[in-house]
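Have a look at the structure below before the remarks.
Residue numbering begins at 1 within each chain, and the chains themselves are lettered A, B, C and D in the order written.
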Amino acid sequence: MTIRLLITGGTFDKEYDELSGTLYFKDTHVQEMLRLGRCRLDVAVRTVMMVDSLEMSDADRQTILANCRQASEKKIVITHGTDTMVETARVLAAGAPDKTIVLTGAMVPYAFGSSDGLFNLGSALSFVQVLPPGVSIAMNGRCFPWNLVRKNTSLGYFEEIPM
Amino acid sequence: MTIRLLITGGTFDKEYDELSGTLYFKDTHVQEMLRLGRCRLDVAVRTVMMVDSLEMSDADRQTILANCRQASEKKIVITHGTDTMVETARVLAAGAPDKTIVLTGAMVPYAFGSSDGLFNLGSALSFVQVLPPGVSIAMNGRCFPWNLVRKNTSLGYFEEIPM
Amino acid sequence: MTIRLLITGGTFDKEYDELSGTLYFKDTHVQEMLRLGRCRLDVAVRTVMMVDSLEMSDADRQTILANCRQASEKKIVITHGTDTMVETARVLAAGAPDKTIVLTGAMVPYAFGSSDGLFNLGSALSFVQVLPPGVSIAMNGRCFPWNLVRKNTSLGYFEEIPM
Amino acid sequence: MTIRLLITGGTFDKEYDELSGTLYFKDTHVQEMLRLGRCRLDVAVRTVMMVDSLEMSDADRQTILANCRQASEKKIVITHGTDTMVETARVLAAGAPDKTIVLTGAMVPYAFGSSDGLFNLGSALSFVQVLPPGVSIAMNGRCFPWNLVRKNTSLGYFEEIPM
């Protein structure tokens, strides 16, 4: 079983530009993270875009959806900024109902050493192997169906939507 | 759902003693790792022992089994040295068949910065939530039924036992 | 011999705010760095301010100068943002000519794991012990008299002013 | 001014072998550390040997001495295991009295993330630039003439020999 891993940017892959003192995107760290995690899964990585999810457009989401639909794999993990992860999940759920898609991200850039990214990547790659088709969000060690979750922006974690 | 997390030592928790220049056990790093991973699961941690798995005795394995049986939780993750992880899994499979037990470990100590431990912990905590009762080993992003896996000691990863 | 260590902020001590995704100041990491470096010098640390050096005012520089003059120690190290380090050095050279003052900083925040801060701190604390009274800047393993140096902002390091 | 940097091994450059679970030497990390420290000194690195200083022989010390004598540079930094650093310093002081030689090392391997090595390297490279000919040991932020210092093996740092 091959797992398709789509990179879209987000905090996960942000870096520090030491000349300007600002955060920016260069290349994804996902391959390094898979190596660090001694991951032995058959993972096919593709960088679809490198954007802050607050700046992700409808067209960007259609591009991610197209990548999911065109992938020959049935199991897909997507790294994504946390702020609009649920919005993208909604688009994917409507357009690619036959795939198991797990979105994940990070609150701290992997390059900054104290990241939750490695933990979340291990989690997302695990959930995607065992879950049936559908779109989920794996954050904070948990996995939520996309339509039952929201980001609590004041506390910085994902939680169930109260009934 | 509460997950019981049992600590038994292994490479996962080894540290460097700067006076003697050797590796040793002090306290577990699991709580720090859960915090780093922004884990929001309800995890109850218990340090059962801190041993190198090559030095784990039959009595030690019975102690681990007793901890699994006495736990009120149905979902159990165990951090364990990789060298005899399968042996312990065999004891648990025979003695605690009604629980979902996932063993995990690391090839590099967490304290040494480049560890697979954080990735594996995220993976094990994910698999344990969705798997039915039984004993599994989560390493290298994969999850194996205990009786179908072995450690490839020359390559340093876990693999299926060839039929 | 006691060394006075004055903290003024700068990239050295910036942190990542995971809720807003921006950089900010909390507490200095200098004590942790001294512990990590197994520093056995008699160092008296004082946080004077926590500011980005681009936002440092004339009044701020007078405060730093006052701290240098009032210190009972003859040897002073100052952590400072790199962008206006030379400007502050000029003020100190005019106002505290009897002290050995070494300014240092970092291009990458210490908290981001790949920092030059630890290297520079070791360097500045060494130079200050052996240099005569005067104001210097210790960056990139080198030590420059304040009036012969400038930051090369396009390359990100300090260099002699060409004659 | 070029500084000659001689690598001899020691804790500084030890690594963790994940197959055997033991510490060993592969390549030096000094170039990576100089890059991390944004060092802009003209440093010529040479790996002379990679040994634990407890296993350093008289012949090894003569090899280090020969390297110091043959170097065209007047300024030399040597990375060395801490346990017999003073013994090597004695040989160098007798045989190469016209050079400024600073020995340094680490209590924790650089590869283990929490190392004093980067701090000490910054320190040694600074002291060597300003000290007159002679052999010194730079550890713990301090610099000692070789004949006035000893390693306190129970506390793990260097200290003056009591008169």
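Rule of thumb we're sticking to: contacts are C-beta pairs under 8 Å (C-beta built on N, C-alpha and C of every residue); 3 or more make two chains touch, one makes a residue touch a chain.
Remember, predicted model here, so these are calculated numbers, not experimental data.
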item: Partner chains shared by chain B and chain D (touch criterion as defined above); value: none
item: For chain A and chain B, chains touching each; value: none
item: Chain A and chain D: spacing of chain centres that average the CA atoms, whole Å; value: 45
item: Chain centre separation (chain A, chain C; CA means) in Å; value: 39
item: Intercentroid distance (Cα basis), chain D paired with chain C, Å; value: 26
item: Chain A: positions in contact with at least two other chains; value: 107, 114, 156
item: Contacting chain pairs - touch in the sense defined above; value: A-B, A-C, B-D, C-D
item: Chain A-facing residues of chain C, complex; value: 11, 14, 16, 18-19, 21, 23, 107-109, 111-114, 153-154, 156
item: Residue numbers on chain D that touch chain C, as the complex places them; value: 33-34, 36-41, 43, 107, 114-116, 118-127, 129-131, 138-143, 156-159
